[in-house]
Each structure stands twice: as structure tokens, then as C-alpha cells.
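Here the chain labels run A, B, C and D in written order, and each chain numbers its own residues starting at 1.
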């Protein structure tokens, strides 16, 4: 592995069309400022530009925002939901991995006004790579192997991100209960999304709504009748696979992604493709690794 | 491994005080009949005597019940909730693994009338041993490793068992949404239970209610402030560990058990101890295996 | 998954240039006969054409050989060792996964006459996919997870395959001790190969011999000084990564492959590329999946 | 977890009969000195007193020995091999995990003069807990899961420990090649030991020698004909399980232990039992955890 010589960074930026920032939150904002000043576009993988205003950021991240004046022009980079805005953006905030899995599951319900906005529960299961490579006892093999746990119940920083964009989709504020769990896999997120239906849709009716909603999408697939997606079905790919069940006025949507691809780097590439008029799937055609 | 000579079974039963039945459902009921006729007590690990009436059994198990006349005397073997009845029972129905984890999490809420009985959601994550040793592609190492999935959404047979005994605890019928998931561990269940609070209890208030409810219980432990239980904390033990969070009128209870001990064989031993006036923890004092 | 209509097979063969056979051993030989008769080439992934004569086959596979007359024209499909013959072959026997990892580790030692031919020990560790998808208690998640074992010690059918081609490389018969082990990963083989050196080479001298031997090979890479390869370094790729140590007249070579790619399907594609004059890496450029 | 108040240590030592030291190597030696001076016995789990002289220690551990004058009275705490000495010892050096698995496999061969002392190869596979709880990238879940690697080839510090005590058993110096590997399990070591036989023993003859050698041992068990031990067979127990194969003048011995019990804390308790005339299995009767 080669370590970048920091002195060369300014020159590298000048020679680039777009800069991907994969920095700790808080560090990203001033870095983005510098890059934008050079007239280059930015795709930021940190959290700095995901929330709509600096007070919300400061409440959840416990620190002042580094570049609040840029928030107005930042675009949330979930292509299936905000494609037009992304294609014209100079600054894209790449979504968190949990919000990606949750919002793609929620969008057809919220855009079609099908559910009680006070009833949304998101129960997510994530692989350990979601916690990053930093050394921590919680990522030690002997702690994770053969084990599972919930964490950050009621306090995880992806909660306001999900709630805010769910509200944008619904056109109204929503309540979200979000519970992340750690499971002993390296990669993959499965989110189980619960919402109370306003009408008495059955499973096949609800599935049809999902199929219509995502009919044109290459990277979102709706499982067939009787099928529920598994995280290995998307391992190494930029895809989100959705399973749909409706029963007794309850919608249960199962959503799987590879947190390192659709949940991070792959989605960043998809955003770049949109920003530069490239085919949206350029560099993103790799087949799934299975088993 | 020695295989039991079937011819010797009648004699073995005559020499026993109690018989543990670990048979497929449907096979258990007539076997229990035979054992009871000999004047011996039965602890049945199958599902035959868990549901209160034969029509409910027949609806979910798609077969006629083998001994409906015994249902009235069968006692549901969850010691922390039905200890008195178990101690006098001749026929104990050992609970399912998922219902054990869910009902211990729900009981303090339901007995104290704290939650909306239409709002109960149980999202469970189970190790692969829950599916038994029978050979199936779904239990193949290469299918499970590095993978997770939901299954039986809306159709799992533990749903009516949870709903019925939750109703007994609440003194009123309840609605239960139950979603089981498979995670790549051999042993362990973690259930995340969601319920809407009737009042504005906070986490410490709710924890106090749980601590009071289980104050005398050796096998149920409530996690401390800021702590959420992990499945490895109970590996190899007969314990259930509960984590409690309340936020914005939502209760979130995390419950972990070893599905092969508190969720099956250990609980069966605990039931035997109660039925025969033995110390309730006899044979159940093994320390946790960690890591 | 679509199931092939068996009636369509003859027509499909007539429309093909080459047929990959992935059949049980014993079934492959007559199938190969049929395909060759149609004037089409065959790449056989079973064991039927790996051993040089039918008596050796019958001794280890306990069955008569189905097409002994084809053995003379079959070519062993390990491209790095038998590239010229493969490029002209009509019938290629794709090597076993263990022999691929072992022979690539042994070749530089044997071709250069560096080691005592009575001292070869191969200790291999394989993922569970090596045992196939067939249902067996030994592949059950709960048996494999958190576990490791040796199996087939002294009796594994890859032993004569390794010994025979090691002998071809050495130009003389060799003794091979081969011990396979199962480890709880889905994919990957790591073979640790021990051989007594004839001279007092040190690690860097031995590494230079390996680097020279594989200098032109795209799919075999020799680890750098101080580096030992890990199975995840080749996951999803057609590569073999070799680590080299010499100490006290003992060579210790560590060899890793993905058993489903370089150890099976990927190597079959590489063979096809050679047989048809295509670029040897066509279809085989996928990057590694890590972590 | 309660942290020990260091000020209380001297008093705690005075009130104890024996002190278990689980300290980093180098720190152990002076601590042992202090405890012995108080007239208390010591069981040291570090490496400080395992090697017979300080120069060997200094060569492999790259540091001066902290209490060389104690080496003469230190006893190597492998009860099955040195029981008499341990029972009279004041200072016991608890063996390393790899040496425990290797020496129990080698002892019957070496004590009976059955093998070429220049031919010993030990290929060990260890769970990640062998590396301790300290944070390191090599113990991160995402590095270990689905992966395997060799490490410390030719340089691991357990090499001289194995070689020295193998020499004591043989009554002559021996050469040992020792290659440790990391496999993705939390607990367990499997060592595959290779040695060239002097005579043409077959498997059943060799197994009989092992059965005789360990006939009186509670914690060492020889697998039956056709059986090879798996690490999960000893999980959570103080047992070593040995599998024996002889073929073409090669002995192949497979040895499994739980590295945290027979390979560390359990063996330390077994040593204490011997030192104090307690039943050797006191505190060590826990059944295996399986699966």
C-alpha cells in the first residue's frame, strides 16, 4: 500500500474532475470547501453534508459544522430517489449505509401515502465492516464471532438522516424508530422495515406497487412471490434487493445491500456517473460473489 | 452414539418418574398419551401441547391434533410466568425458543398494562441450530456463512404461541407481528421487541419495572444502565438477559437466550425441577462460555 | 434457476465449440466420449481423466473406468505447467482443487531438483465449498462453524493425482504425504508444503527461484520478503499466491487459491482460452473481494 | 468487571496459598520472585520459566531474563508428562498452547523411540483467541472471517519450547519444524504432527501404543479406529483428543485442545491440583459445549 504524500494533494486536485472524500466527519467539510474553491466537484462519503441544517448536525454529531454555508447546495446522493438533482450537483453527500437500505425500502410506501407516518420501525442487521477498520474491542474477532447484539438504540446518528429524508419523501414529518444490530458477517446490511398500512393491501398488491416504483431501476430489484432476499445475494454488487410482505394492515419490507458497495463506494461511483453524464452503471457491473 | 432399542422403551418408561419427549410435532401427542397412562409425568419439547385448543393447532400445523382431550391439563412450561401451575402439572408443554425470548421480554409490559396491545412487533435473530440437525440446503455452511435472511414472515408457527400467551399475560387479546431471521451463529437468539407505551416512561423508569418484575428470578437478568445484552453473554447457560430502552413513547426490549438451553433442554430441566420439588437450578449452574 | 431440458442437450452440443462437464466422476467419461464423437472439445471438471491409467483410477475410485481408450489423449489442465499440451488438446482434465494448490507450490522445487523426493508433505486447509453442495451432516453450519478437523488422512483421492504429476515434474517417482483439513470458511484453500532441501538455500535465494519460475505468469504471484499469503487475498480470483520460506534445509511453501476459481471453474475458463487461442485472461480479470 | 486495586496485592498474596501469574513475558519473572519470597507457590502462565536457560530465553524473546536464578527450580507444567515433578514444585511454568498440543501428540513416539528425530514437522491451526485480546488489525473480525494464513514460519517463539521438551522426552536433541496458522474460530488448536517411523508399524499398532501410553489419563483421549478428532470435541474442556494414523512409515498424529483451557487456564488449575494434593480433575469436569 502506498501512502499519499500530502504535499502532492493540491496538484492532484487540480488535475482531477471530481474528488471523493473519505474522511472522518468534521474533517470533510473544510476539505470540501477547498476542493469546490478549485472549481472541482465533490462526492463526500462522510456525514458532513447529509443533514439539511447545521443545528441538526450539531445536535447529533456534538460539534460545530465546518462549512454551514455549503449545506444549501449539497445534494443527498441516493440516485434512485434524487437523480435529477444529483446530475446537476457540485457537492454530493453520499448517504449512510443504513439510510440507503432503509430509504429504498420506505420510498414506495411514503411516496404513495400508504402508511401511518407515526408507525415506522427499522430494525437493521449489519456486518462488522460497517464499523470501519479502526481497532476497537467491539470489532475483535473473538467478540463478534458467534455473537450478535443491538447497539446505539435510540441514539445512532443515522436516525435523523433516515427521518429527514423519509419526511422529504412523505411530504410531511415522520417518526422513525431505528435499531441497528451487529451480526457476524464482514459485509452486508439487512434492514427489516415495519409500517402500518392505511388500507388493506395484500402482499401481491403491495409488491406490484414496488415493482412499478422501481421498474426502470437497474440497481434495485423486487423479490418474487414467496421470496425474501438474503445479504449474500448482493455481495460485491451495487444492488439493493427488496422483499415485500403485507399482512393484517402491516407492511414488512426486507431490504439487503452490500454496505461497502451500494452502502458506500459503489453508490459514490453511481453518483459520479450521474454528475458526469456517464452510463449510470459504468464500473458497477461486477457479478455477485456466491457462495 | 448408542441408538435406543425401541423394544426397551416400555420398560424404560415404567422405571422412570418423568419422560422428556423430543419428537416431531404430531408424533408427540400419542406418545404423551401412552406415558401418562402409565402414571408418569411428561415434559414435551414438541409443539403439540403449546396452543390452547386443537383448532388453533390444526390451523397452523395443518394436521389433526393427536390427543385433543389432553389439552385442558397441559401447562405451558415457562417457569418465570407460570411457576405455580407447572409445579403441579402432569403434562408440561416446553415453550418454543422464539416465544421464550419474546414472552420474557413482554411480560413486564403486559402484566403492568403499559403498552398498546395493537403495537407489538417482535424482530428475532436466531442461530442455525434453531432449524435442527436435519439436512437442508438452508443449513449448509456455504449458504449460512457470511449471510443473513428473514424467513417465514407472517407465517412462522411460533406466531400464535407468542400471541396467545401474550394475551394471557395482558388479560386481553393482542396483535403480534413476528419476523424471524437467520444469522450465522450456531447458538443464540436475540429478539428485539417493540411496543408503544401508554405513558411517558423513560428508560430508567422502565428498567426499574423490569428489575422489580424479575427481582427474584435466578435465570432472568436485566442489563444495567447503558448496557445491551449480547447472545454470547448467555452461551451454554439457562439464562435470559434483557436490555431495556424507552424513547418517545416507544419501548424497545432486547432479549437474548441460548436457544438450546433456556430455549429448549435447559428450560425442560427447570420444569422438571419445579414438578418434582427439586432446587430450580439443579443441573443448571454451568458458567457461560466466553468468548 | 432454470433446469435444463435433457432432450435439448444433443442439439446444444452440436451448436457448441466446447463442452464443460461438471458431472460426478464415473458419469463424466461416457459423456466425454459422446461429445468428442460430435467433434467438439471437452473440459472435464470431474476426476475421470486426471490419472494417467485406468488401473490407478480404479484403485482409488473403486469403479471401472468408463472410457479408458481416451486416457492417452487427455491432457492435465494446469496451464502454468502444461500450457503447450493444453493448447492442442481435445480433452482436458481440469485438475482437482488441492492438486492445483500443491503442484504450483512444488513445481519450482521439483523442476530444479532442489529437494529430497521422499520428504514431501502437503498439509492443506480447505473451505467447506470444496465438499460441494450435496447435503451431508459434515457440511451443516453447526458442525463446521467454530470447528476444524482433518479428514481422509492417507486416503484422499487427490493423493495419487498430486503424486503422479509431482513425479512428472521431477522426472522420477516421488512420495507424497497429503493431509486435507476442513476450516470454517466458504471458499479458499491454503496448502502448506514441506520439503527437505538438497542444498543450503536461504529464503531469499529460494524466493528468487520462484520469482524466476513464475516471472511470466499472470495468475501466479510470489509474495514479497516477510509476507505470507492469506486465502482472502485471492477470493473470487483465478490467482495462486505463493509464500516461500527456507530454514535449516527445509523449504516451507504456502500456497493459496480460491478453490471455486483457480481450483475449478476459473481454471476451466483459462484452459478454454488456451485451447481456442483466446487471451489467457479473457473472462478472468475480476478484482479480489476484500474484506 | 472490577479492576484490582494494586495497593491490595501484597495483602492478597499473603492471604493466598498459590498465585497464578498471567502477565506479559518479562514482567512475570520479577513478580514470581516476589511471590516466592513470601513463601507462596507460583503458577506462571507467561513464557518466562518455560525454557531451561536464560540464553535460550534471551535469544528468542530478545530481552534479558528477569530472574535467571529461579530457572533451575522451575518445573514445566505439562501434567501428563511431568506429574511427579509438578507435585513437588514451588514454581510451575504453565506450557504454551501450541507446545501442549504438540508434545502430547509426540510423547508416545519419542518415549518409545519410534521415529527419526530429524523428521518432526508440526503444522498447527489456531483460533484467534490465541493472539489475546490486545487490539491488532490481525484480530479484526473483517480480517479473520472467511480467511486463513500461516504466520511466524520458522520464527514463532513456541518453537524452542517444543524442541527442548521433545528432546527431553527423546533423551536426545531433536529438530522441529513448526508452522502455526490462524483459522477463523475463536477457540481451539488442531496440530497435525508428522514424523518418520523407524519401523513399519500400521495404524492399529500405533494406536495401541498411544492407548497404552495414555491409559490412565483422564484428560487425554485417543480416538477410535477411523475417527479423527475435531476442535469442537474439546470446546470448553481440559481435554486433549488425539487421532493416530500410520502409513508408509509415516506417523500422522492429529491433536486438538481448547487453547484457553488445556492450553492455558485449565492446565494451570490441573497443575494447582497436583501441587496441593487435590483430585487432579477438581474444577475441571465441565462437559463439552457442542455444537
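Definition applied: a residue touches a chain if its C-beta (ideal position, glycine included) is under 8 Å from a C-beta of that chain, and two chains touch if they have at least 3 such contacts.
Here is each chain with its UniProt name: A, B, C, D = N-acetyl-gamma-glutamyl-phosphate reductase.
Keep in mind it's a predicted model, so treat the numbers as computed, not measured.
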Least hop count linking chain A to chain D through chains in contact: 1
Relative to chain B, chain with the most remote C-alpha centre: C
Between chain A and chain C, centroid-to-centroid distance (C-alpha), Å: 41
Gap in Å, rounded to a whole number, between the CA centres of chain C and chain B: 48
For chain A paired with chain B, centre-to-centre distance based on mean C-alpha positions, whole Å: 36
Shared-contact residues (touching 2 or more other chains) in chain C: 129, 142-143, 145-146, 184-187, 235, 291
Footprint of chain B on chain D - complex, ascending: 129, 145-146, 186-187, 235-236, 286-287, 289, 291
Chain D contact footprint on chain A (complex, rising order): 127-129, 133, 135-137, 139-146, 184-186
Contact footprint of chain C on chain D as seen in their complex: 121, 123, 125, 142-143, 145-151, 153-154, 175, 177, 179, 181, 183-188, 190, 192, 194, 228-232, 235, 243, 245, 247-248, 250, 252, 254, 291
